[in-house]
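See the structures that follow.
Same chain, two partners: chain A is paired with chain B first, then with chain C.
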Partner chain A sequence: MTILQAPDRRDHPAGRSLARKRSMTQATSKRRGATYELERGYRRMIIPAILAVAIFAIVPLAGMLALSFSDYHLIRGSKGEFGFHNFARLLSDQRLVNSIYVMSVLSIFGVAAQVVIGTAVAVGLQKIVGKWRLGRVLFLVPYAVPHVAVALIWLSLFTPTLSPINAFFDLFGFTVPTFLTTQNGAMFAIIVADTWTNFPFAMLIILAALQGISTDLDEAAAIDGASRVKTFIFITLPLLMPALLMVTLFRFIDSLKHFPMIFVITKGGPGRSTQATNFYAYVQTFQNSNVAYGAAIAVLLFLMAALISFYVARLNQRVSQ
Partner chain B sequence: MKHLCTTALVASFAMAAPFAPTAADAEEINVVMFGMPYTNGLRKLADDFEAETGIKANIDVIGQDVFENRITLSFTGGTGDIDVVHAPVIQVQRWVAANWLKPITAEVAAMAVKDDILKGPLDAYKINGEQYAVPFMAATGLMTYRQDVLEAAGVGVPETWAEMLEIAPQVTNDDRAAIALRAVPGQGFNMFIFPMIMRAYGGKFFADYTGGDLTPAINSPETLEALKVYIELINDYAPQGAGNFNFAEVNAAAQNGQVVFTVEGTGVVTQIVDPEKSKFADVTGIALPPGGPAGRSPAIAVHGLAIPSSAENPEASARFIEWAVSPETMTKIALAEPFSNFTTGSVAQNAEVIAKYDAVHPDFLRMQGEALNLAIGHYRPLLPDWPSLGAAIGENINAAVNGLMSPEDALAAAEQEMKDILGQ
Partner chain C sequence: MTKRPRFGLYALVILSVVISFLPIIWLVLTSLKTTEGIYAWPPQYLPDPFTLKNYINIFTNSPELLLYVLNSFIVALGCTVVALSFGGMAGYALSRLGMRRAGVLMVFILAVSMFPPVSLLPSLFQTFLNLGLLNTYTGLIIAHTGLFLPFTVWMLASYFATLPPEIEEAARMDGMGFFRIFWSIVIPLSWPGFVATGLIVFIFSWNEFPLALVLMTQNAMRTAPVGISLYPGEYAFPWETISTATVIAIVPILIITAIFQKQIVGGLTAGAGK
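Up next is the complex of A and B:
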């Protein structure tokens, strides 16, 4: 007796194709499952970072925003007013206007000096070869010194009775001008100290960018008879543009946080002429106990920094494309 | 609303110090002070306190610049991470108004040392009948002068600021200025010095401070005259760049012989006359600060120790304060550090202490005593708003000194800002 057996569908060409499809679907599904698991794992891995940002950035920021709408005073407490009164006051505050002017001058001239000096040093260092390359480390030293220490060093250098620079020129009968007793002089002193400690950042970025430019271009330009200056201006500089742009904008954002230099070197003086915006927020908050108004100034500063950051991100995207 | 604001404040600021050390248990306390000879000396004696009481004291001595921020964060957050805090008398009114300090009247009354503490400085910490701190130091203002230069010029020690202006050109030459004074803006910087001149000319901060009339009165002919003297001294007879001098630059100028006169706090004066630190100590004399038509008004700055409201172990804090101001501890610090401003009276009777400061300068302790007797407790007004008021006045005074505004405009602006701060 012949027992009829149902044909194995896998023996049939159509069945084989179906089985293959099924097996592929299962594999794909398994792979998808694995990918999903992997993605879930990755997502879990960023939870600590999200928590850290939430706790250390978003919560304080929300707190600052809430304070800026209140009337909270460290001594007098709060009368319960909640509204835009602090922001309305910002509009007519001459000290705030002066602080924005001071911050702009310090940032624009400081960053310009840092980028120019950083580029010049980077170009010089790139030419150095052999064991002397280790000398590059020396240029990083100012960047490693704490800002308060930098400020104290420059306070001494700008104080005529303590400064070796003044003592040196005195030997030849020259009088070095006094910097810390005029607004322009005091701002110049802060810019010099800030430039000294921050130009190595610009130098590092530019040096890295320079090393990414092929030397073939220089050689080709030399063969065509271009001078070194022309080669730098018409070949190297355009290729450095993305790096220069980025370093300028990053330094500009960072420069909005002028504090240790002002606090140590001038204490905001002479008068109030070097009180930059964040220093003014500090004065209102800690010195005048006016926490709510200090928070409103900080919110304004945050918005300015956020706008610049947004612009940096957009620019970064465009440069990358 | 207040709770909401406090919560927001804590959220926004206290995040900056989320892991601040907290006293681990009842046998450990945290003490926060700012750097000066007494506090540096006290930190070195922390083990003595533990040996005596079994309580470990973590004494943190930080810069004066960051002290205010550090304690404001702690107090507003109510973190309880500070058990004993350095309390300058000019800040205490503000801290009490904000409920940041615990009244310690009963604790002080129980201290064996209380009758040994100078009454004036102790009373300076009494607000609305409650004691809020115990003083450890009362600094005053003194003048230092170069005896050799005055003798060579044939002039005497100036008794008034007007005489100082007469003598100044006679002792100035290409290598040496007549005087160095603090000028940098700040209620503890130029506003430690300028009121000595202002009060000597009869100027005052308020219409009638002692009578309770707090109408700002700094924009007066007397204060204007005083400000012009201050400006003339700094611009015409002080070293180059003196418009930004703080006590460190004044001290250095005197120690290096770059000036003939200084008027400074006793903490700086001890360094100017210390032969180990100053090249000209042996020819430097000490006198009371110059006076004026309204007499002499040496500066005074009292510093003490207080217990924050949020302190978790006030009994241990009180024991620490009693130990810190005891004659034994004070004597050790007076002998080990340049610390002569002690407010525990019996220390001044100690033969070793007398010998030490006589060796530094024979007139020092006597002059310091005279200056303290002349000083008025409210040299800088004892008001909760003084830190803001002092800063506003100091910034305008500094602007006038450096030519950014006229003396008249500076005083008018200072008075208007005083009114704004006080809500008048």
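Up next is the complex of A and C:
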């Protein structure tokens, strides 16, 4: 989220002054030496962070690649085969195809719901309460609840024998379908839980962006006789576009990490129908003990995430220019 | 500008507040019901009879829950401290050098936040097994620090960027050393940024699930989210235990959120307002 705001040398005073010092032709060599010394000091401060990330990410990343070419099994160990067999297996794995389908459905519909609802609530809050702080704070509650707890709450709400929702509709003679027994219903349940906890993030970002937009244009449009809906569509929405785009993309990257919801609400079921790709990697690695194949799925997932991130970075750059 | 009443917008906002809170209220109400009350049909909307028995039972029958909460607390606190120290230094360097001169490794640190942590799990598990870091606080603190460091670096860097550089230049003229400037000038001036970032990292670490699930396999080392996620069995669903344990696991987070809401909202939206 804060990635949106890359502190760049060019728009930072210190960076600017450093750059100026560097380009000054009349600068003495002593001064240039001092700048260099300073830069080295800054660089040294990055080292601890690099070490932490190295243990957490670089070593396991290398390990992941190595494992994905091996035949390592948590219980059977390894026979020392090394090659592309895991990737060959990926190509003909129906469960992998299903996992990518599930991941796409969860991400696309979940993010769409979060952005639409988040924007609607942000606009509503902005118009009726302005800068009223409590309005924003109330929505922090669902956002701060751990995903596991969110999943447990919604699991109970989607369990027909426990759910007040079912009881409520019973009063009017409607029977709520049992969601968790079909693939589509189970995916719907996950999307609902995910949207409930994550729309406040979209809302907070959009609201902050709305508050940065001047109301002059709105008022001018109103004087010219434009309706509210038209004002929103033709004036506010285009101004919100950068923020909307960024929220969408960041939520999208985040939604590829779907795990607790699936783990708790559906356990990948009914059957194996809601095993999204990262859950499938977990199942292969830790339930089937097939670490090598799990790593191969992880490599694929990593490549997909990297591709999306690359486009996010590019889009982000284009929008901020 | 016309000032017609905006019933639609009011309805929308009120409805979304209600929908945001009802599930949590339902959870708390459930934890205050007797077992019969929970499984009654039609469901009891208010606990009848009202009871605290579930809370007493959970502390007497499953004392490990308190241990889970304690584990979560140790890990989240450790992760926050380490992430703020490392992230503070790296963020300072990033804000003063700029992306281009901070180097390739910096880009890598920041790219880590992009990919799904689950994709790291197979080899992370293997690495931690070899290093003897499974089931240790140190292990999970390292993992969480790695996971949330990019966020910490970005957030603190954007905070440091708002400090006027003249102060540091003046201190440098006076002959202050590099680290002393950081320690006794930059940090004291930017403590609100550290508070906001630290709170969000604490909440992230407390709530984190996949890494805590895989790297803490012993029951005594589990964190609160992992602990409560394992209460529902394959077929049994002891909802009185689950709802009570869930309330206990989220209460610390809700208290922190309520006290520091201003800093947290400010931190989360830091990137969007500008």
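The rule is simple: the second predicted complex is superposed on the first by the 288 of 321 C-alpha atoms of A that agree within 3 Å, B and C clash if a C-alpha of one lies under 4 Å from a C-alpha of the other, contacts with A are read in each partner's own complex, and residues count from 1 in each chain.
Just so it is clear, contacts are C-beta pairs under 8 Å (C-beta built on N, C-alpha and C of every residue); 3 or more make two chains touch, one makes a residue touch a chain.
If you're wondering where the values come from, they're calculated on a predicted model, not measured in any experiment.
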Just checking: does A:55 make contact with chain B only, chain C only, both, or neither of them? Give me first, second, both or neither. both
Go through the superposed model and pick first if A:162 touches only chain B, second if only chain C, both, or neither. both
Quick check for you: in the superposed arrangement, does A:272 touch first (chain B), second (chain C), both or neither? first
Dominant contact partner of chain A by residue count, chain C or chain B: C
Does chain B (first) or chain C (second) touch A:201, or do both, or does neither? second
Would you check which partner chain A:67 touches, where first means chain B only, second means chain C only, and both and neither mean what they say? both
Touching partner for A:127 - first (chain B), second (chain C), both, neither: second
So, A:263: does it touch chain B (first), chain C (second), both, or neither? both
Answer with first, second, both or neither: which of chain B and chain C does A:180 touch in the superposed model? first
So, does A:110 touch the first partner chain B, the second partner chain C, both, or neither? neither
Overlap of the chain B and chain C footprints on chain A, residue-wise? 55-56, 59-64, 66-67, 159, 161-162, 263-264, 286, 291, 295
Applying the document's contact rule, which stretches of chain A touch chain C when the two form their complex? 1-10, 12-15, 17-18, 38-39, 41-43, 45-46, 48-50, 52-53, 55-64, 66-67, 117, 120-121, 123-125, 127-129, 133, 135-142, 144-149, 151-157, 159, 161-164, 167, 170, 196, 200-201, 204-209, 211-212, 218-219, 222-223, 243, 246, 253, 256-257, 259-260, 263-264, 278-279, 281-282, 285-286, 291, 294-295, 298-299, 301-302, 305-306, 309, 312
In the complex, the residues of chain C that touch chain A are 1-2, 6, 9-10, 12-13, 16-17, 19-21, 23-24, 26-27, 30, 38-39, 41-43, 45, 82, 85-87, 89-90, 92-103, 105-106, 108-127, 142-143, 145-147, 149-151, 153-155, 157-158, 160-161, 164-165, 168-169, 172, 178-179, 182, 203, 206-207, 209-210, 213-214, 224-226, 228-229, 232, 237, 239, 242-243, 246, 249-250, 253-254, 257, 261-262, 264-265, 268-274
Which stretch or stretches of chain A touch chain B in the complex? 55-56, 59-64, 66-67, 70, 72, 74-80, 82, 158-162, 166, 175, 178-183, 186, 263-264, 266-273, 283, 286-289, 291-292, 295
Across the complex, what residues on chain B touch chain A? 1-2, 4-13, 15, 65, 68-69, 72, 76, 94, 97-98, 184-186, 189, 239-246, 249, 252-253, 256, 258, 384-385, 387-388, 391, 395-396, 398-399, 401-405, 421
